[in-house]
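Given below, in the form of structure tokens, are the structures.
Two complexes, one shared chain (subunit A), two partners (subunit B, subunit C).
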Partner chain A sequence: MATPTTAAPPRDTPGAGRRRPRAALGEPAVPYLMLAPAVVVMLALLAWPAVQVLGISFRKLDLGELVRGEVVWVGFDNYAEILTDPVFWSATARTVVFTAAVVAATVALGLGVGVLMRHLGAVVRTLLQISLVLAWATPIVATTTVFQWMFDQEYGILNKTLVLLGFDSFQGHSWFATGASTLTVIGLLVLWQATPFIGFTLYAGLVTTPRDLYEAAAIDGASPWQAFRAVSWPSLRPMLTLVAFLSVLWDFKVFTQVWAIRQGGPDGSSTTLPVLLYLKGISGSHFGVAAAVAVLMLVVLVAVTWRYLRLLVRSPETEL
Partner chain B sequence: MRTTRAQRFWVSALGLVVAAIFFFPTYWMLTTALKTPGQVLSPAYDLVPLSVTLVNFASALGKAGFLSFLVNSLVVTLGSVACALAAGLLAAVPLARMRFHGRRGFLLLVLVAQLAPLEALFVPMYLIMRDADLLNSLAGLLLVYVAFTLPFTVWTLRGFVKGIPVELDEAAMVDGCGRWGVFRRITLPLLGPGLVSTSVFSFVTAWNEFLYALVFLRDVDKQTLPVWLSSFKTAFGTDWGGVMAASVVYAIPALVFFVLVRRRLLSGGVSGAVKG
Partner chain C sequence: MSGVALAATTALALSGCAGSSGSGGQGGGGPRTLTVWLMNGSAPTALTDALHKEFSDSHPGVTVNYEIQQWNGIQDKLTTALAGNDAPDIIEIGNTQAPKFAAAGVLADLTADTARLSGDQWLESLKASGQWDGKQYAVPFYAANREVLYREDMFEQAGIAAPPTSRQQWLDAIGALRAEFGSDPDFQALYLPGQNWYALLSFIYDEGGDLARQDGTAFTATVDSPQAKAGLEFYGQLVEASGTKAPKDADEQTPEQAGIYGGGKVAMMIGLPWEVATAAKTDPGLTELTSAFPIPSKTAGEPAPVFQGGSNLAVPANSADQDLARDYLALMTSARYQGELAEAGMIPGASTDTSALEADPVNAAMAAAAKKGRSVPATPGWASIEAGQNPLKDMLTAYLTGAKDITAATDDANAALNKAFGG
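Now for the complex of A and B:
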């Protein structure tokens, strides 16, 4: 990584003649044929399951029904069962708090890292970029095992370090004894993995802001903070919204880390919605109830991101 | 902006600290993997390994089935990347370049599909694969990964195809190229960065994916690396050195992939998809 390129990303210059339709070459079926594979896969494996999940959520579908191939409609029974279950509500609250905390932390840290990269000299910036890429590229499960090892009760480097620094109470301290502590470790893990992407994205946005603007701001006597507010911020804001939105989508659905660390334990006190979904569906074979959880999860997710979703669907990128 | 020497020093120092923090877990994974089992489980404070041994790698690679998990992961991942790229490219060109009925509908389908929370769909997906007799097979998992990564692939590649000046296509057509010729001689060569950034995305998604692999693959010999590694407690006991060695081996293909594409990556990996 000797020469990190900071070239401007390819742009869509909205040229006047850009969308001029080419004369059809007499094969009106061509675009449909080209689209066919992608559309078939998306309809069969995304759209159809999405319809299915709604249908199943109104059915009683345990192993028995599954084996016999029965279709038993139960109306809103699954929803009633879930919505009266305190486990669902605590998992929802936990998931929302976890998501909010992790998203805020990743976006803030990512912004910090992006700004930092812009102000660093080439050598240190390259070092920083290497370590960020390593964090980004290391597979989730590998990172999860490393974090488990660093936070290990007996021989973990964290407890050893804390004891060395004089905090003797951390001798043999278990970081996975309570749900809150377990989720904090998981949050740090997600933070470590997710910050690089956000940092790089925002850095790319920062370096494409023309230098002249900063020079103009300096000539006008702007302090670095004022320059940031007036020059960087306007170009960063849409990107920040986007990465925050993506982070919500990702962090809300975190399953791998939670499951790999303690399977939602101890005693279900780190069970988030995706884990609950897995426990109901696969471990418990209550597919109908699990589907209801999935639908409710989607409802929560859409409610949280509604404003941005609307913006996205209406954005000029979807133009004809 | 003018900065003083002192300011620059502190900024560099901060940069080094942040770099060290992000580097540490990777460093710790590697050094633990290189320690002897006795050194790993020792109360001594040992940030820097004093000796290096490959015994953990030998024991990890020697664990029953490790190589078959590795092969399974590679087959599923590379297969899904190839399929997603092929289908995505086929779809991206008409969506970016051609005019036809229902285009907006296709675009919306792709956009909405991108937002689908796949973790919420595993119940119907499980039933569909069960009915298709693809449960417990790598082909079923591969199909799921293609479906996961396809919307992003189509969307990103469409952005990149649109970024190629249409005048180039026209020039080639004037020179006697047909549609296929334009695609082969103009579009494909200029799509390099787009193909790279989308294949990174598909690769990382499939290589990392855990939930569906856990749900679909019931036979031990069918499993992929992440599922196997997450169950390390039964496979390794408290052999942290072995676990770390296995993690390193699991991380290497992903790291290699990132290194191969690093320049594209740092010069705007998401630029085709994201218009801020």
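Now for the complex of A and C:
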């Protein structure tokens, strides 16, 4: 509180505002100077590593080169190796389908939860919110371990419950026998962890809608569905676009859960792009090839989110 | 507290720096420091204390900077350390990882020192994993191999007079156990998850097969051989005969098999000697009731060959004190300290004397098979298999669940292995 009062007086001296032209040379630089620290940090922490990755993707960089500090340029060899590998294409298709399914499910469920919170009584809503926060706050690996036990073939509560309910075929059923089944379990896990954030964000969007609008809609005889479409939807739309965009980014990059559940198995059939990146880079010590996978992932991601990115660039201040 | 720790670490780091970079080429004269990295849980403290004292006494002016490393993340740490100018002078590396470092040219060639490092006593499997292109880059440290841990009381109740010494006797024992305890739906004569590829290796070796054929530095997978198929078939036969409830798509760590054995409803499992201690955490009485026999062979009366896991010792090429490092290795591979490793329950890597293991039946069974120990193909590609997706595990699951027939399963695994060997 003390600082502004001591700093303010010189600025308030009469005439200071009117004399602006005098500082004409220095003045335009001020905003840029103020931005500079942030820009420098961003460039150092984000742009430089990104440029490095791009550079490495054109190099042969295995353990030997890394240790000896050699720089071996190989042009597009790494890209050629990746693009001719059928594993890359199946992983890309798998990742895109997985991301689309999980994003659609998360946003739909999040919207449902948001609308539900809007209509619940205070007590039940608080309980729901606490539960959501707990689900969200649980460490990813802890939740993953719980899911592994729930879906365990022999000791899992899911199979035991299904058998109790009379579905005897689930006795000893393996949920991780095929890639599709494994990715479904992983999708449920991601859904469980991602819904709270989406739910809260959309709920925040809903509560900012003025009550009067709903009252006006009610007076006009609108059904709940019509009220939702006419009143809630317009205020939710930019929010929905935002959370869908964020979800695409998150779900496309999911690695921890996929790796922890079955290491991309069985037989590589739940290997997504981030898993492939790990296999090439960390497991195989082919850092050049891994960098090429990373660059290609970025290309796929930009292609998938192209529409949102354009909206973002065109109208940064209004709708996303 | 953290301030003190930080200060201490910095002081250590600085002295380490000064020692190895400052006095490297000079030879003698002035204090020198030998930095030794051993892994957590490998050499017992009593051993390293005595060894470091003896080393310092015979090398006046040399300080041993001993650092215990954690297995978790060690690959990255070694990669960084070996690339820098301040590399440690002695490192311990897992035997399946050794070829990766040897082939990358980051380890010093120890071929000329074989004789003074007890080379005539070396354990064959570890010796092979320390070799690359005809040269020795890492020397054997210690190893362990799997055996069959069993419940003596259950064997007695089922009327099994002596531990099985052939595959047939093993299957017969499983039959007798199931006849005696089979009425209990939770009983398992043998707990055998579908992806215990260490056990599979033993069966493949026993059939006369191997994972790959070596030609210089080139490796060709041979998992599609009739011998490998026979080993895989025996695995299936064991799973069938034992009626194990273990998952077919998981290994012995998920869930941890010692925990299942600790539940008291399992008569046998294929594991390492110290898994008994893990099981005893659930039920302390199991230490008394558990004994072991070597994995039985097709040939009656002989133990089957086994996969040996373990560690090698190596000198980084960037180490500034190459001569001191070799002296240190000579001491570590001497009879005295190798004997202490055996007393600690490990198979010594540089001594054929395993008598210290005989006292305990669980260790004795491991030692009995140790001479027939083998290792995975000594190719840098193997490290990527263990740190990534193991085709042998996929092969086992696909065959045991019937997802693929034996030809398709072995052909796919063979192709995947060849791809990994190729880099």
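Please note the rule applied: the second predicted complex is superposed on the first by the 271 of 320 C-alpha atoms of A that agree within 3 Å, B and C clash if a C-alpha of one lies under 4 Å from a C-alpha of the other, contacts with A are read in each partner's own complex, and residues count from 1 in each chain.
Simple rule for what comes next: a residue touches a chain if its C-beta (ideal position, glycine included) is under 8 Å from a C-beta of that chain, and two chains touch if they have at least 3 such contacts.
All of these numbers come straight from a predicted model, not from anything done at the bench.
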Touched partner set for A:L279, first subunit B, second subunit C, both or neither: second
Subunit B versus subunit C as contact partner of A:W192, first or second or both or neither: first
Contacts of A:L165 with subunit B and subunit C, given as first, second, both or neither: neither
First (subunit B), second (subunit C), both or neither touched by A:I219: neither
Subunit B versus subunit C as contact partner of A:A303, first or second or both or neither: neither
Touched partner set for A:G64, first subunit B, second subunit C, both or neither: second
First (subunit B), second (subunit C), both or neither touched by A:P266: second
Comparing the two partners subunit B and subunit C, which touches a greater set of residues in subunit A: B
Residues on subunit A lying within both footprints (that of subunit B and that of subunit C): 66, 152, 154-155, 278, 282
Touch list for subunit B against partner subunit A, complex: 1-3, 8, 11-12, 14-16, 18-20, 22-23, 25-26, 28-29, 32, 40-43, 45, 47, 86-88, 90-91, 93-95, 97-100, 103-104, 106-113, 115-128, 143-144, 146-147, 150-151, 154, 159-160, 162-163, 165-167, 169, 179, 193, 204, 207-208, 210-211, 214-215, 225-226, 229-230, 232, 240, 243-244, 247-248, 250-251, 254-255, 257-259, 262-263, 265-272, 274-276
For the subunit A and subunit B complex, residues of the former touching the latter: 1, 3-12, 15, 17-18, 20-22, 24-25, 28, 30-32, 34-35, 37-39, 41-42, 44-50, 52-53, 56, 66, 113, 116-117, 119-121, 124-125, 127-147, 149-150, 152, 154-155, 157, 160-161, 164, 192, 195-196, 200-201, 204-205, 214, 218, 224, 227, 235, 238-239, 242, 249, 252-253, 255-256, 259-260, 274, 277-278, 281-282, 287, 290-291, 294-295, 297-298, 301, 309, 312-313, 315, 317-318, 320
Interfacial residue positions of subunit C with respect to subunit A in the complex: 79, 82-83, 100-101, 103-106, 245-250, 254-255, 380, 383-384, 387-389, 393-394, 397-398, 401, 403, 412, 420, 423
Subunit A - residues contacting subunit C, complex: 62-64, 66-69, 148, 152-155, 172, 174, 176-177, 262-268, 271, 278-279, 282-286
